[in-house]
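The same subunit A turns up in both complexes below, where it pairs with subunit B and then with subunit C.
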Partner chain A sequence: MTHDRRAFIKSTAMAAATSLAAKHTFAADPPSGPPVPPGGNELPQVPGVVWNKAPCRFCGTGCHVQVGVKDGRVVAVTGDRQAEVNKGLLCVKGYHTGMILYGQDRLRTPMLRKNGQLVPISWEEAINVIAERINASPETFAFYGSGQWTIPEGYAANKFMKGGLANNHIEPNARLCMASAVTGYISTYGVDEPYNCFDDLDHCDVLLLWGNNFAEMHPVLFSRVVDRRLRGEKVTLIDLTTRTTRTSQQSDHVMLMQPQSDLAIANCIANQLIERNAWDKEFVTKHCNFRGPGSPQTLMGEPISLEQYQSSVADYTVEKVAQISGLSVEQLRLLGDVFADKNKKITSLWCMGMNQHTQGTAINNLVHAIHLLSGHWGKIGDGPQSLTGQPSACGTVRETGTLAHALPGDLRVDDEKGRHITEDIWKLPPGRINPKPGYHTVQLWEKFCSPSSAEGAINTIWVQVTNPGQSLPNLSKLFDKKAELADKFLIVSDVYPTATTALADLVLPSALWVEKNGMFGNSERRTQQWFRMVEPPGEARDDCWQILAVAHRLLELGHAGMKDRDGQFIFQQLDENTQQVPVWDWSQYYRINVDERLYEEYRAFSNIKHKHLAPYSELVKSRGLRWPVVEQADGTYQETRYRFVEGSDPFVKPGSGFQFYHSVTKDDKAFLWFRPYVPPPEMPDSEYPFWLDTGRVLEHWHTGTMTMRVPQLRRAMPTAYVEINREDATALGVRNGERVKLTTRRGELTLVAWVDGRASCPPGHVFVPFFDEQKLINLLTLEAHCPFSKEPDYKKCAVRITKIT
Partner chain B sequence: MRRTDYENNLRIDEMKSTNRSSPSSNDSSDAPANVTTKPSRWITFVCACIMGLAFVGFLLGIRPQSTPPSVSKAPEMADSTAATVKDYRSLGKTGASRIPVSLISELKFLKPDLFSKVDRTDEMKADALADRAKVRAYDGAPPMVPHPIDQQSAASCLACHAQGIVIGQRVATRISHPHYTSCTQCHIETSTSGPNEPALVVENEFAGIDRSGPGVRALVGSPPVIPHTTWMRTDCLSCHGLVARAGIRTTHPWLSNCQQCHAPSAELDQKYASIPH
Partner chain C sequence: MWISSFVVTLPESSEASASIQNALAAMPVFEVGVAQGRRLPVVLQADDGQDARHWHEWVTELPGVVHVEVAFVSFESESSESGNDEFSPALPIVASQDRGV
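Take a look at the complex of A and B:
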């Protein structure tokens, strides 16, 4: 009894100390405006050039740029020195962003396929074609969008589909990119998105990269870490990777692991923490519930006891995991040492390596778990954080809910309450929203590539701001089959001809980046806004306008779903004299700021799960603000750097230190997961003896549609290649620069071999970048996906390599 | 005489470069130092070298012919105006004055004297600025790298660009922002040193801004104000110092506190507050 009381007093005292410490940490480092960089805050002065802010068009880092405009054209781009994310620095893609607008083959007019040829048509005809096609069969229509949709575009598309057509077949390409991070966050903390932010990179002592070529994929953030070394700070980089990259070159420890073994490595770290009695009992007891996978595994699993947890991870001894992973026992012990050290601040980062994974949810759960277990959580520089590859995978897809099961604000279509809230905000008659989730991406394209007579077939897809003809896995099965099916109809809104427009029946020319108003949300919960600065070329028009125009045409055709419960158009906008603004008429579209209207309507959703978005007017003034952005007593708005952490997150109950207020078990605790190692579905064998990994390179972004039109970037990296180990090349008799054929169970592709190039694969592994539309590596990749996130694994399948003689 | 020396040196260079993979090659070039003093040791040494080379040759001979060469094919020219060289040694050959050295460490000492007269004409200046513009998409874009890079580390960039080197008429300027270390994040090659098959080639109609100079002088004889942004340029001497393109070198390199006389112009001081967003 005395013992219990003493323990209680001790734990209370420690909790008080922890919360004080937490407060102190955050108070000591207030967000007191952006630091002034060397060289000052001046912008270059060039006569006639007007500068304006915008987030970069490319990745999820969310750098801000200043765009120089002269005579209606972008003439320069410079890093925005007031931006906290990039502090004035950009990467080579960022510096050349302005040039993506000016590729000679910009799409300038709508085109309809007639007798096999795409021929120019008017916008009116184009909008009619789409509306009539949807009206004829609304339930076989699907929308396929993107993490590059702006927030208002994604919101409008989602409302159009789920609120207007009562059809949930709307998916984003982000399903292929960060869906596993989403399920990872939801099944750990009960609510999506990183709790922490990039400030961690300025403070961590150890940076642990989980299958993430950080130097090439998020170069500005990478610099933010490695440049600290020049200031005399010590930061240890651990590169847990399947190939040696530019990131490895700057890392202190390069740990080459076997594909999929990240699951075993994470469990091995947990096991070492338990064995050494180095886990944070205080933190875990107060803030975590142990969770097991269940049998069979489910997304939310089942509760387990500490003993069950201990016995589950006990299997993952360093010796056994050394066998599975290819890491040495010493390397595994080093990882154990790092997490056992309470005095070091550890930041774990990951992107596609952990997300494009057939056990993507599981590995996300496990990396959160080892941080929670070791107590390396919730302090600046000390915690796990996922990165995104697209500029608005977070802001648009995750927050406005453009996924087949989701509604804005983290609500779900299969949850009655979520539907009611949504119908209420959208002023829809009750029961309008379909409770059945739509098809996820792989399913959606399978259904599009099935004959129309087949059960549940999809007949029409409208693609915006993405290029599935290049980025889907197993392309012959999921995309190219469309060519054989005459009654399928593919609508593509894009800025350049792509592998997707090649099979399109209707092509719509879109406005790009600063040719329209826009908003993005980067991967640290930062909502960003920009204004249109130049006119789009030819007849290109905003994607958002395209959606509103089709919706209005459907209204004219008598589609009941386009009216709200008061009989008004679901996208009705009134001017200051309460007169309807015909936003479906392009000449009137910019009479009001449609972005602001849609965003302010959508903002109501963000308060439901404490994701308070800042008012549009606040975003105009800032270089993005990290939600929740909460109004203060004096009328100012305060952003939040760390959620669930007292002293930073205003929603945390005072005195609790940490509070997971959206906990699945409703007890303010996070789930501390055990998930087992599961071998990958396809592994090298005698017939297909190599591992095939795919990914990006520094110069190109995604499918290269934009960056391949920038000569500087194209010349530096003009073609896809196969990165192959010197030993393997020698055994195959392949010299540098010679052509080889790659064959998997799904397809084959001829590529040039690159030995000892920019990066290097270990023997038995090859790597191919996916940016080159003339060398579609996704003809070879596997569509097997994570059972919960439905995200396919582009990182591992079995391939055969033969020399071309 | 000078020319012969140069050619002799070149031959040694070639020998060094062909034998670079063999550890014995460095010893062989040191050998002449021993020649006059100790003939017997010299004979032993030469024999050892010959045997060593023969042994290495034998090993090379028995290796399978299919070993991939470590140097990939010659890079393509970025465009007709941006000169590209195959390797560091050939940098010297592209210039008018041939410099009889090949080692970067020796080149580092080849700097003009601090007080030597600097000739500068408007023509030279225009040339220097044109040369500068060749490797930039617009004024303000990070310059491209007009030579192959080995991709290995910042240290390999800094071998030349930490101090700056003049090789013939080409200049490796010294880094003007030494607080950044991930060089290839911003600076990429003008043409690839990797695979280069026919690519999707689409013309780009972007027309970037040009340089903003020359700097305004308040009165005849006043020092000109800085005609460009100083952002990311913490060191004026990286472009204007002793190791710099001829036309934009300072005529008074012994004065090192540049901003004492050359002010950022009032126009340049455009703060964020004065622009709309």
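Take a look at the complex of A and C:
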């Protein structure tokens, strides 16, 4: 790089930062004026660099970046100042997002295992192998994807499975991360996904974090709080947590709770509201039905009266809950005070702490309940909101329905009407869709790791865009057993070698991020779109193309499911002259915009439950739009910030104020739940005396497949460690940096001890991150899961620690 | 060459704020802009890109720094070379009890 060019880029960088520093980044009001097209006039002007928009590849925040491309390579990234989500800011992972494309070990060619070795093969052979394997036994095939699938990819996979193979064994890794939020929303409001949006962060007086390391895991959202504090606004942060983190350092109140006690704490808040007569009788009477768990507990429970509700929560006194939770009576009263104060706006946020929980649905229900009970609901800055960890857990998994029970648009396979609607949109013969839900994730991998002779066994799994060999719980049971079962066949589409490709029989190289067209949906119902900007390396190809190619090969093999009711290929695409475009042929795939075609077909589902998606052409012009996006009389499209709220949601009946129009009881009321505190299935004892918590770190995203290829991130955090309290370390005779062995009932792992590190565990607790494929903490974790969401609990099990001498 | 820019949020204390600005100015890898209230624009030029992350963390850890946000990054020469470095973690097939231990 010449001196002049370097100086020019430096001045550009300074101009970008100065511009951001000069203004309040997050305005209290939504932006006005016409939308600025991609490549707008605020972009850095660097000679030879062409910019275009894309959402960041990492978390569910959905920051938009501008990607700078020169000579066919991504060379720069800047925060997109036109994006409402991030207003030009990025976190450290967004900072490095361009570099994830360029790891030296990118997968570049299909590989088939022959005589124990993965050897290169052609795409034609790879597609044949998959199609023939499926055709021979379609009912024992399963598809496992993720919240990193783009919307068209997930939609295509779902249609291929449920509409083509009449097979519902399709699951996403999102079962492991946000399924409890889904069941929480559905069993409270009758329909999935947050009613509110990130604007709450610009308006709340109190931000209550339920087991959520917000500052490190969603740092750009945390910037909104920092921004408000800089403007002199008072935002009270309450960190309800099992370990102190960088979030705690910025919090006004840090409340260290015992694992699982969030259930008791939520009930204690409810009890205080009742005792103090501080609950919102008008709101509750008009908009809520009390609901109890039933016996045994069920997802939808049973109706209970106000009196039954009162007597149920009455057991959760501050004194009793102080004993369960480890919080002081004063801290519990402070939480009661917060919710009793009608003049304060409270935003509750949560992510994995509440979702990866054997009572995940219950705690989601309870946090919604205390907001409904107190009337802290439905006003800007005043309500409960879940966050997601993947860029399209909402847009792809929840909306296109890639869960084993689901169909696009919040429809279900076990609902006759839902199947009929889907068969109609997909032009399938009646009865094609199987009414029986497929296996959920834990079941699916158990069935894959069972002998083929076992009833209901799964023999072939195709994994796309995820790394179950590292991220599943209790890996020895749910993944590693595959190595002992010779007739099982594992297909993995990915961008890098992983712990999953290590056991794969067939590996397919995939295009990544801006190497393909794509669409994501973030945590606040915002649908986002981007175009391909660079070519994938070697022979890597789009995941969506891989699905279409296998589907067409199955058609050629005579699989009847690959035809619609008119005898046409289920993924048929016609050009402007009504001639079929052979999209299964890679050389023809980008002749048309397949993403746009699939998305527009899928969009028909979105109107069924008032989740109207914007036309693709509108998304091209925007940095994402929050559904429902409704066409106005003048032909423009209007997004929705708050669902169920009159004045914001166009579907709410005028004069009603709030309307839960998908209410389970069909009376426009939400469920206000009581769910009891239930102890966790495994707790420390004399043999395994510590709590083990697992999670993420700032530098790495999930299993590290991408971020471990960024030298700066890898060097900053090269290996997993066990975070241990100094008091415990002293008792064990362990010093910082020494090796210790962690043992649970499922496995053992040797790690380096980090005493008083970045975060801090209280005595009796340890924390291990899961990003390191050389140190698989999920060999130790528990596959016990929520009975309704089926989401496992990675946050708490019992462990023994032994110093290695 | 790794050129990037941050917005560093400074603490309320003017003394602590000045201390942070001085610390940044003392490091040749940084170019410090003009603070806008408590927001300070900073450009980082790391010679080979290997330690850009180190410096980002260094800024984050400076006593009193409230928050660090990223505005821009150019890794033009780095991405046009042979790609990232030696990381090659492809795992062999191993018995589960051996994995990670």
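Criterion: the second predicted complex is superposed on the first by the 765 of 805 C-alpha atoms of A that agree within 3 Å, B and C clash if a C-alpha of one lies under 4 Å from a C-alpha of the other, contacts with A are read in each partner's own complex, and residues count from 1 in each chain.
The rule is short, and it goes like this: contacts are C-beta pairs under 8 Å (C-beta built on N, C-alpha and C of every residue); 3 or more make two chains touch, one makes a residue touch a chain.
What you see is a predicted model; the values in this text were computed from it and never measured.
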Overlay on subunit A: subunit C relative to subunit B, clash or fit: clash
Partner chain(s) touched by A:502 [first = subunit B, second = subunit C, both, neither]: second
Partner chain in contact with A:193 - subunit B first, subunit C second, else both or neither: neither
Which superposed partner A:91 touches (first subunit B, second subunit C, both, neither): both
Touching partner for A:747 - first (subunit B), second (subunit C), both, neither: second
Contacts of A:726 with subunit B and subunit C, given as first, second, both or neither: first
Partner chain in contact with A:475 - subunit B first, subunit C second, else both or neither: second
Touching partner for A:483 - first (subunit B), second (subunit C), both, neither: second
Partner chain in contact with A:668 - subunit B first, subunit C second, else both or neither: neither
Contacts of A:793 with subunit B and subunit C, given as first, second, both or neither: neither
Offending stretch of subunit B which, after superposing on A, collides with subunit C (from 56-64, 236-244 or 254-262): 236-244
Touching both subunit C and subunit B, counted on subunit A across the two superposed complexes: 44, 46, 68, 70, 73-79, 88-92, 95-96, 98-99, 101-105, 219-220, 222-223, 226, 229-230, 250, 699, 708-716, 772-774
In the complex with subunit C, residue positions of subunit A that touch it: 1, 6, 9-10, 12-14, 16-22, 44, 46, 68, 70-71, 73-79, 88-92, 94-96, 98-99, 101-106, 116, 219-220, 222-223, 226, 229-230, 250, 475-476, 479-481, 483, 497-499, 501-503, 699, 708-716, 747-750, 772-777, 779
Subunit A to subunit B touching residues, read off their complex: 37-46, 49-53, 68, 70, 73-79, 81-82, 88-92, 95-96, 98-99, 101-105, 215, 219-220, 222-223, 226-227, 229-231, 246, 249-250, 496, 531, 620-621, 698-699, 704, 708-719, 721, 726, 729-730, 733-737, 752-758, 772-774
Sites on subunit C touched by subunit A in the complex: 1, 3-7, 9, 31, 33-43, 45, 49-54, 56-57, 66-67, 69-80, 82-97, 99-101
Partner subunit A, residues of subunit B touching it in the complex: 64, 66-70, 72-73, 76, 78, 137-142, 144, 151-153, 177-182, 184-192, 194-209, 212, 228-234, 264-265, 267-272, 275-277
